[in-house]
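Both complexes below contain subunit A, partnered by subunit B and then by subunit C.
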Partner chain A sequence: MNILVLLKMVPDVVEELEVAGDGKSLDTSFLRTIINERDDHALEQAILLKERHGGKVTVVALDAPDIDDTLFAAMAKGADRAVKITDAPEGMTTQMAAKLCGQVIAGLLPADLILTGVQALDDLDGLSAALVAQQLNFPYIGVVTAVTANGPTATVIKEFAGGVRGEFAVTLPAVLGVQAAEKPPRYVPVAKVRAVMKTNKIETVAAPGEAGAAQIEVRQLAKPVVSSHAEMLEGSPEEAAGKLVELLAQRGLL
Partner chain B sequence: MPVIAEDANEITLENLWNTPEGQRVLSCMQCGMCAGTCPYGEVMEYPPRRIIGMLKAGELDTVLRSQSLLTCVTCYACMNKCPRGIRLTEVLLPLVKEQTFIQLTDMPAELQKALENTDRYGNPLGESPRKRADWVKTSKVPVRILPADRKPTDVLWFVECYTAYHPRGQDNCRATAKLFHALGVDFAILGHEEKCAGECARLTGETGLFDKLTDYTMKLFGKYKFNRLVTSGAHAYDTFVHQYKPRGLQQDVDHTVTFLASRLDQLKPKLKKKLNYTVTYHDPCALSRHNGLYDQPRKLLQAIPGVKLVEMEHNRANGICCGGGGGGMWLDTYYKAKGYERLSERRVKEAIATGADVLAVACPYEVSRFEDALKTVGGNSKMIVRDVVELLAEALED
Partner chain C sequence: MATNIWVLAETWRGQVTETTLELLTLGREVAGQCGGKLEAVLLGDKSLAASLGAADNVLCADNVEPTPEAVAAALAQLVKERQPQAVLVPWTNLSMDAGALAAAQLNVPFVNGCKDLKADAGTLVAQCVVYGGKLEAAVAATTPSTLFGVLPGSRPAASASNASSVTDVAVTLPEAKVKFTKYLEPEAGDVDITQKDVLVAVGRGIQQQDNLELAEGIANVLGGAVCGSRPVIDQGWLPLSRQVGKSGMSVKPKLYLMLGISGAPEHVEGMKNAGLIVVINTDANAPIFNVAHVGINADLFEVVPALTEKLKAAKGGA
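So, the complex of A and B:
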């Protein structure tokens, strides 16, 4: 089967994030980017499917610092082809990025599945995959934790709150927002990545058309303010429960 | 038969039989000393003796599939006892381990994370590279950081990962800085530019990562002028001597223990505070069996007023590994899940049996390994773990 995987880079939170002088964006002077964790799972799920059913995996990503390392690592893990989208406008919203990526993906079709992470730590709105699906007019299922391909359809496990799981049949081609692959993302030895860097090439595609205007504006970016402290309720469980009820009543919550 | 130069780095499983080391492997008489002395010999499906037998029989694939080499903690015990002088831990086992590693389909999660962290951040703990020298702020004596002050230094102190980041490792850092300062040593550290020396990546079988780290560190050494390299890491010391030297490292290399032992005449008069401890010393494999450094740490401990040194049942060349080498540092959960005894627990039981108050160590892995093991075997109130440099610094006049 033919699988496209959409990857993106997000800030690596190993370094403490700082707000830039403009008060609206992240200070990028010490910022490193890393593959979005859910996208790494989407890639793993794609490689698992390729190992099971054969076919090809193509990874697609917007240009970003360190993106080449990520794309070479993806090929070392088992992706056959890597496409980098260059010259995209800076500071795009999720909607703009999805519109751009959707157009590039349309040019890479046909594909049976388009996988990407269900969300990313820099927006958490979980919109990318759904927006790409809408643009391509493909069905979409999000929060996916397992995929089984059965010819023209796929059986997909979707996770709900409270440990509930749903099993869906979806007609291919489809877009899936991956929450977790069936196995944790695999390790790829450094020597293998270095070998792939020598033998494989990353294809580039210039960002097509218009990404459209941003429909939201960031007015302020700030660190959370430490405003209060936790109050420990002392005493036996009954006494503590009594005090808790009293407190909730005082605050008008009961 | 063509004989290839005996550089361990040139030997592969394919050319093995054409090397002097391969000839030694062929001389194996299957006596089983290696398997008998291996700390995991009783649980390893293919201990070293059987690996040699399988290799000769062309059955190595079976060994690789068994993942036996994941239980090799590279303690050098088998190599040390082999009557034929086969360099098991230096040559054969790393070759087999490398192939095991490449073919590994399910890597234990903690090991994978440690290797990914080492590649990305230069330390297995996954800490920020920018914070590598943060401990300096807590040092009571000045510590020069080379990238900020590039003038030549006599001693380049290679701090290493667990020393730089682990809270107990940072105690080692402060103690070492205090000792260097007391001895008037001209020293400096590499700060945020330092990355893992890579020995545990190599001995895990991740040789590509090791090559990447050695390339980086050799270039880094080339940036600065220094006369001597001193490291707090037992594995770093081992790899600087056996791997970096053949790659062109010119300067003399010391571990903090050998560096201080060579200045004992100058240090001893400064050790004025009496420490009334009974101390037992655990030999780290990388210093002891692989480099013969048995006496220096013991001489340092005996130079401390009030210290009484006692030996464990297994000591010096027979010392039992803490289980942290060759990736074992990140395989405790894997071993426990398989029902194996943790070697650190086996070791602290011996230490407790000596009746000592202090378990002295000289490798940064051992402090946290043994402190954890003391908690799990219930010996936490009987014994404390201290690096040799911590004890020396404690005995210094304030």
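So, the complex of A and C:
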């Protein structure tokens, strides 16, 4: 089967995030970005499907710092083709970016499935999968944790809450918003990525048409106003552990 | 009609969800600020309208299947016809895809991760959680009929004391390309973490599967069980039945000891009501320290062995 995977870079939230001087955007000067975790799962699910059913996986992403590494890594994991969208305007919202990505994806059809993360850490005005599905007029379902292809349809598992999931029959071609792949995203050794860099190429396509204007205005970006903070147990790890045991004993929790 | 505030009523296995009732409380506030009515949109079983008495009116279409495709098509159609000022949609696994798709069809934003919403000089401004809870954005939406994905817990649930009027509405649905087949229940046989007084929760900071032994050691001493946040479940280190948060279980133990969990809003949603929340984390700025009652800012691999020994001694001496 033919699968397209839309990838996106997002700030690595393990690092400290700083707000820029305008008080409305991220300070990108020391920003470390990584692949959006849900997109990594979408890629893994695509490769699992390819291994199971055969076919081809194409990854698509907007140009961004470190995107080449991510695209080469995707090819090292098993993607057959990588397409980078260049010359897009800076500071696009999810809605705007999806408009451009949807047009590029339309040019890469036919495909049986288009997979992307159900959400990204920096989404504020929409979810990419739903926006792309609407543009292509394909069916869409989100929060997906497993996919099995059965000819003209796919059996798709969506997560609800409390450990309960739902099974859906989805007519292909379709767009799926992936929450988690059936297996953890695979690890690929750096040496393999380097080898792929020598043999494979990233195709580029200039951003087509207009992304449109943002329909939202970010008035402020800030660290959350803290209404409470944990009582901190200070000292060496040994001392802090001792204080915690005392506290648990006092509360009758031992 | 343009000043009315709508709440998309979310139903789950024959009941209106708690999040829906919370959104009705928030929606009532916003409707008051906008000078409009509060309406609930019930797509499905009409008998559930009785649970939505906190709204002034319930718009009900009973021919809509519970798929994101059908709910989105019905909602988009009603919004086009009736043009509410805004639509509040539960930001949950159940409804997020329907909200996102309806907004895409309407070409309006789906402002997501909202923990608060208010009208500011006629413009709706949402307070949104972004970057895994590290930052918050004040987002103004100028487009009429914008959809807002509102997090669970934004307000207390509204009571259904007043019987609201019900308006039957007709929606025409496209040919279904997404069909619900069946529910898959959680696997039985594992520990029921919702019944435990003590839970030791592990997150990404546990680093590798072998390190789960540390958490199990403490859980054994305290007579509790080990549970985890999303990344640990995704890695396959713990079964789905041990997941706490938006997709997993909501738990309320007497003690919730967290090891290496930063506190993404999806996780906090499932454990914020625990009796005593204790966090051990190396990142002093981790958002979880603002949720926890007691914190230790240190390396869990240094604290946990010491803690386990001291707990054993304390228990042995008791």
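As a working rule, the second predicted complex is superposed on the first by the 224 of 254 C-alpha atoms of A that agree within 3 Å, B and C clash if a C-alpha of one lies under 4 Å from a C-alpha of the other, contacts with A are read in each partner's own complex, and residues count from 1 in each chain.
As a convention for this text, contacts are C-beta pairs under 8 Å (C-beta built on N, C-alpha and C of every residue); 3 or more make two chains touch, one makes a residue touch a chain.
On a predicted model such as this, the values are computed, not experimentally measured, just so you know.
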Partner chain(s) touched by A:V164 [first = subunit B, second = subunit C, both, neither]: second
First, second, both or neither for A:P184, with subunit B first and subunit C second: both
Partner chain in contact with A:I216 - subunit B first, subunit C second, else both or neither: second
Subunit B versus subunit C as contact partner of A:A249, first or second or both or neither: second
Partner chain in contact with A:K192 - subunit B first, subunit C second, else both or neither: first
Partner chain in contact with A:V143 - subunit B first, subunit C second, else both or neither: second
More subunit A residues in contact [subunit B versus subunit C]: C
Partner chain(s) touched by A:F30 [first = subunit B, second = subunit C, both, neither]: first
Which of subunit B and subunit C A:H229 touches, first, second, both or neither: second
Touched partner set for A:M92, first subunit B, second subunit C, both or neither: neither
Subunit A positions touched by subunit B in one structure and by subunit C in the second: 14, 16, 183-184
Complex interface listing, subunit C residues touching subunit A: 12, 67-69, 92-94, 96-97, 100-101, 103-105, 108-113, 125, 128-143, 146, 177-186, 198, 222, 230-231, 233-236, 240-241, 243, 246-250, 254-255, 262, 276-279, 283, 285, 287, 289-299, 302-303, 306-307, 310-311, 314-315, 318
Subunit A - residues contacting subunit C, complex: 10-11, 13-14, 16-17, 19, 26, 37, 41, 93, 95, 118-119, 121-127, 129-131, 133-135, 139-143, 155, 157-171, 174, 177, 179-180, 183-184, 215-233, 237-238, 240-242, 244-245, 247-249, 251, 253-254
Residues of subunit B that touch subunit A when the two form their complex: 101-102, 104, 106-107, 109, 112, 115-116, 119-121, 126-128, 130, 206-209, 211-212
Footprint of subunit B on subunit A - complex, ascending: 14-16, 30, 34, 183-184, 186-187, 189-194
